């Protein structure tokens, strides 16, 4: 079908626009470090060298940092999704008034620049004795990673057919079970999307660790990467290698999440 | 079920935010105790040329970048929401820029935008002579000309639409199927389908993203402006309010003053959002039960 | 800011906040590991990060015990009483004798008569040059006592096209010629301009101790400024802004396409990786009298530290001869400890630059910038204006007026060391 | 309190501004099967939703087996409902849809499946248990929805047009199944349908609803033989009852007294005889619909159109002249103004 | 090419692995109204979706008015369809739902509204035009969906159970409306329904579908009077046709020859007489359903259950003995093995 071909054509165009920068990123990381930086990136570095990765690994303690990042993500991402899905669901089943209040508050929260929160949060975490631990990095999970995700869930849950909610009410399901048995499975594409996004958000959190974590052993990847970014210009492959390492997990997560997008049980077909 | 979120919202964001905003009425240098100055900071802001520049920069950025970002994300979501050859990789590719750590991405763009050797300008100079474009004009001086630098920051922001894109993708995929079949039967053109079905049906999500993007774009410009143009070209072509606030607060230790700048920004954002909020409400109504 | 004197605990490690590239941080780690007691290195990547950390942690009531900071930026902390004066401890110390250190560095960290921080290095501006290139084009090498005019002639002679011919690349010449080699790299900023103003017998501020305005309108300063911008506008020996954005001066030098570069000791580590050519350093050219500008970082003990004695112990160790040798090994610093600076640890011929002594020779003539609390802002504001002056050819009168007008409110807001 | 399975006392309901049910009083005996009939939009679904607790009661009380459930939440009312829209969970297979209500009530998984299979078999969807709703035809979905309701043993069954998308054979079968089940379990049931036969066959009593008001409540026989209003008379029966003004073109045989035009005479198509005895009213055949063994002949008498059900084998042809005769015993008399039945 | 309004040539369709239509051949004349009957899951909706182009054709060809549309996209086929699920746009009012197809075809707004109002009025939803689908009852939604289909003048109408949720009165009315419209416009139509009466009254011809295969295609009269198979015989007619083995309990009056048990005798409930003349087969009344004027009596003869339609006034009581008689003229003979009709 022609429409299909247009889609493919479009997809190829998207690839052409979005991929080259990333190819440059990878090829740059494979350049031999210690050379004068080429003024223009090359597609195929000459000679090819993995030394950038070795240096990055040792200089930036990437191993340790990756471990920390994974640890944070492993706790924070499921928690974020859980909190966001809960909150979104609760909102979808709440009275108009409460919804207005919470949505307004969420939008206000979205408006708060990260830099405006650093200091008061620092005081809070210090008061709780949590600075210099990984807890402050996990804490944003309480927000569902971002209030936006709560609102997206809210819209998704609100869009489900009312009759289905009614069926759950008839079966005397508690809200929690309604959420678990019905609402959450049906919005699986949304969950997949938001899981990927909150992973990316958590993974690339830079300001929080910068301010709340002192101990080098607790550094996460963005911090390690930041320290590589101030290397001499001759060492740019080392930095790029770090960047590739830091980019890889989000890519993997996204590719995995993508499968779930496509396996949607759209409630639409039986909406009447 | 709302409790954890509300806790996070109040303790982690709203509370701290209110504290910071309260400090807008004080002179606070992060070290000595704050001193109440009333509206002193605000009067000073009105006279601060740097702040004024930053504010205008931010507003222009939002006005240009937000519609473009939304349009592109929407176009991509609609293009790629179905299975097609190359669609899967394209979806991943479209999200990737948002997944690359910001600093690395900034550095990458420094390369891309390199005025002499950068691929972008080399492509633009294809067919031209003496490093000029085919039309005999000098290619954009991304990093040294104020207007071009602003364009560069916007260009960069157009690539980090991953989040918007994915959310729209998910929204599109959960729309009912049979109404599209009906539209196909009526031989509705793609344009009609878009205008009369898809857009109204995803309007709530779109509205939310619009609001979010307006808000975000007023923060977004931070890292790229820092890494790529460092707030320049001189004097303050790409200094946006967040960068201004960050520098003022943490480099110049004028936290109270920065808080005042943030508050001004917030009020403007609230005004902008209030307008869109009404749109959102109007479109969202059909979902009401 | 609470200056509590709570009991020191032996087991809690001293926290030291520094910033730097990974190799630099590695040197600090070596320093720490050679120290007998536990010290926790709190790492930041650059100055902005360090400031954000320091400011939030001081405000949040749990500052690191020690931090390392340039004298140009410590003023805002000093003025706010965030730094613990060290005079008594120095006096009581058996390890540190103030006389062992370059006075100019020590003085830069005096605030209202008190020694707030203790410097670990004392650097100054020098001219790095590509010796191989000079020899190739048979241009005389820069040497001590050379003048601004010598610099200009040299730079002009070294600005070459692809074929090695001397070209003039100023805009006024019209041609879209791009030199393959530029004669000189210099960053348009107040800290690069200042030594030449001083050398020309003028001053950059009206009062070095309690400045109220920039005095670049004085004839001497004006001449120095004009000569600086003429490098680009009249002679085209420095790269254009586009070229700088395309390839910064350091990379350009490393790539062998910049004959001379004005920079501090900082660049040495980068340049040590150069294999393609030989390079060396020369002293700054002079107008009327030799003048240099101080670059110095110091250890400061925070007022809010909970662990002051232990912190002091470490500080003592770090700036002692032993500690400084370790840091000097990175090549990045010129030790503030006189003895160390003249020892092979610094001057050792194993590594370039051969003429490392240039840095030491300059020390007697270096001057410090005013350490007012708003200095960071002043540097940022003047930087933009000077950049435009150099690259876009703003009228000199306008430039000077702008510099004056835009910095006045900053001076007015400033608090002074005395 | 009472022995009623379901009582509505002066119940009203509204959507925002629009009132849909008006102070409805209704009593369903315990174990009774009540069929609710009424035109589209009469408020039948709303009534069920209200009983289930899914729609708020504006005024009045609802009692299920003597318990006042007006303020009780739906899950606590122990009712089982088939939605007009089926309301199947798109992400669950038919089997999981059916067991849904059981599992959340902590019936063991095995037992739940056992019962689900039985329920599915009884409505003829046992072969579909692995499919998702999106993979089912309309009628198949409806059967799954029905099975889901039947698998439980509630105090009250609520069926909202549960058989509307089934084919006739299956409908008859399922109807029988429902009737048997009802006989076996004796659970009070309220059943909304548009199908005459279904209503008449299944119902213990029938409630006819019109614009949110109860028009008549009675046994199928009562509804059929003595409709309380013109509305009920015309609504039940297909083709609908003929109505002519008294003293008009048709004069029933054996009418005891002459009635004025303020009365309407109603008689069903089955009661119309077309025998050409000469005593009937002359008419012309306008159209004839053949429905299997029967035919519906539309007859024009002056400006009235009258339908007669005749055997298909003996049907007249369109255009034929005919004579219309009705026996007085088959005639219902209504007041032309109020539409109320006039007792004779 | 041909004069046919719609032709299916050896058309098959499948969902993933499951084949739903099997090499179907079907020709609908231009201007004809074809009713498709069949049990739930027979593939009726699939057939319509396939004609509309919404479901891919696995093999075979589809022609609309002589045009081969097999590979044409839905919008180019110029068909108008009512979905079983209505497929109303949730965000549009009823009016906008109806005008949708016109507006995307660039009919002026005013004209579109005019026509929409007319279409809505013809199916009785003119008073609902400002509401959104979420605010409509089931039947109201269906009417809007119907109006949306009727507002256009396509080459082909496809109706998927368009009246299933309407009340009988409205259904009769709308049915009449559809018939009149069809007579007026003469547009070829395919109409899926479960309603016998609807099928018999509306259809020019009826196609009976079973498991994706065409069981019989013929006029209502043919379908009713000479069902081609046991399946058709039992499927059409309610209650379904009685079937007993030849030589079994029932011996029709006037049977010319004796038939072996490899034949089945079919006779409709209407054909069963219960007159106690002594010549019939003895039976017992098991159950009696009263449906208005009629009653369905279920009679047990040995191990067979037979249904008779009798006037309600003359119905036997359950438990009564009865005698069953059938005339040979009313009997259909089928082959017991193949289920095919045996011509006599």
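So that you can tell them apart, the chains are marked A, B, C, D and E in the order they are listed, and the count of residues begins at 1 in each.
Just so it is clear, a residue touches a chain if its C-beta (ideal position, glycine included) is under 8 Å from a C-beta of that chain, and two chains touch if they have at least 3 such contacts.
Bear in mind that the values here come from a model prediction, so they are computed numbers and not experimental data.
Looking at subunit A and subunit C, the chains that touch each of them are B.
The minimum number of touch steps linking subunit B to subunit D comes to 2.
The chains touching subunit A as well as subunit E are B, D.
In this assembly, C is the chain whose CA centroid lies farthest from the centroid of subunit D. Taking each chain's centre as the mean of its CA atoms, C is the chain most distant from subunit E.
Chains joined by the most contact pairs: A-B. Rotation relating subunit D to subunit E, from a C-alpha superposition: 180°, rounded in steps of 5. In this assembly, the C-alpha centroid of subunit A lies 55 Å from the C-alpha centroid of subunit D.
Note: centroid distance subunit C to subunit E, computed from Cα atoms, is 93 Å. For the pair subunit B and subunit E, the distance between C-alpha centroids works out to 58 Å.
For subunit C, the set of residues that touch two or more other chains comprises 52, 56, 59, 246-247. Within subunit B, contacts with two or more other chains are made by residues 30, 114, 116-118, 176, 178-179, 249-250, 255, 287, 289. Within subunit D, the positions touching two or more other chains are listed as 84-85.
For subunit A in complex with subunit C, the residues that touch the partner chain are 34, 36-37, 39, 59-60, 118-119, 122-123, 126, 131, 210-211, 214-216, 219, 223, 226-234. Subunit A contributes residues 4, 7-8, 10-12, 14-15, 18-22, 24-25, 28, 39-41, 83-84, 86-87, 89-91, 94, 102, 105-117, 119-121, 124, 139-144, 147-148, 150-152, 155-156, 158-159, 162, 175-176, 179, 187, 189-190, 192-194, 196-197, 200, 203-204, 206, 221-222, 225-226, 229, 236, 239-240, 242-243, 246-247, 250-251, 254-255, 258, 261-262, 264, 266-269, 271 to its touches with subunit B in the complex. On the subunit B side of its complex with subunit A, the touching residues are 1-2, 4-9, 11-17, 19-21, 30, 76, 79-80, 82-104, 107-109, 111-112, 114, 116-119, 122, 159, 162-163, 166-167, 169-171, 173-179, 204-205, 208, 211-212, 215-216, 218-219, 222, 242, 245-246, 249-250, 255, 258-259, 262, 265-266, 269-270, 273, 277, 287, 289.
Per the touch definition, subunit A reaches subunit D in the complex via residues 161, 163-164, 166-167, 169-173, 177, 181-182, 185-186, 188, 265-267, 269-272. The part of subunit B that touches subunit C in the complex is made up of residues 29-33, 114-118, 130-131, 141, 143-144, 232-236, 247, 249-253, 255.
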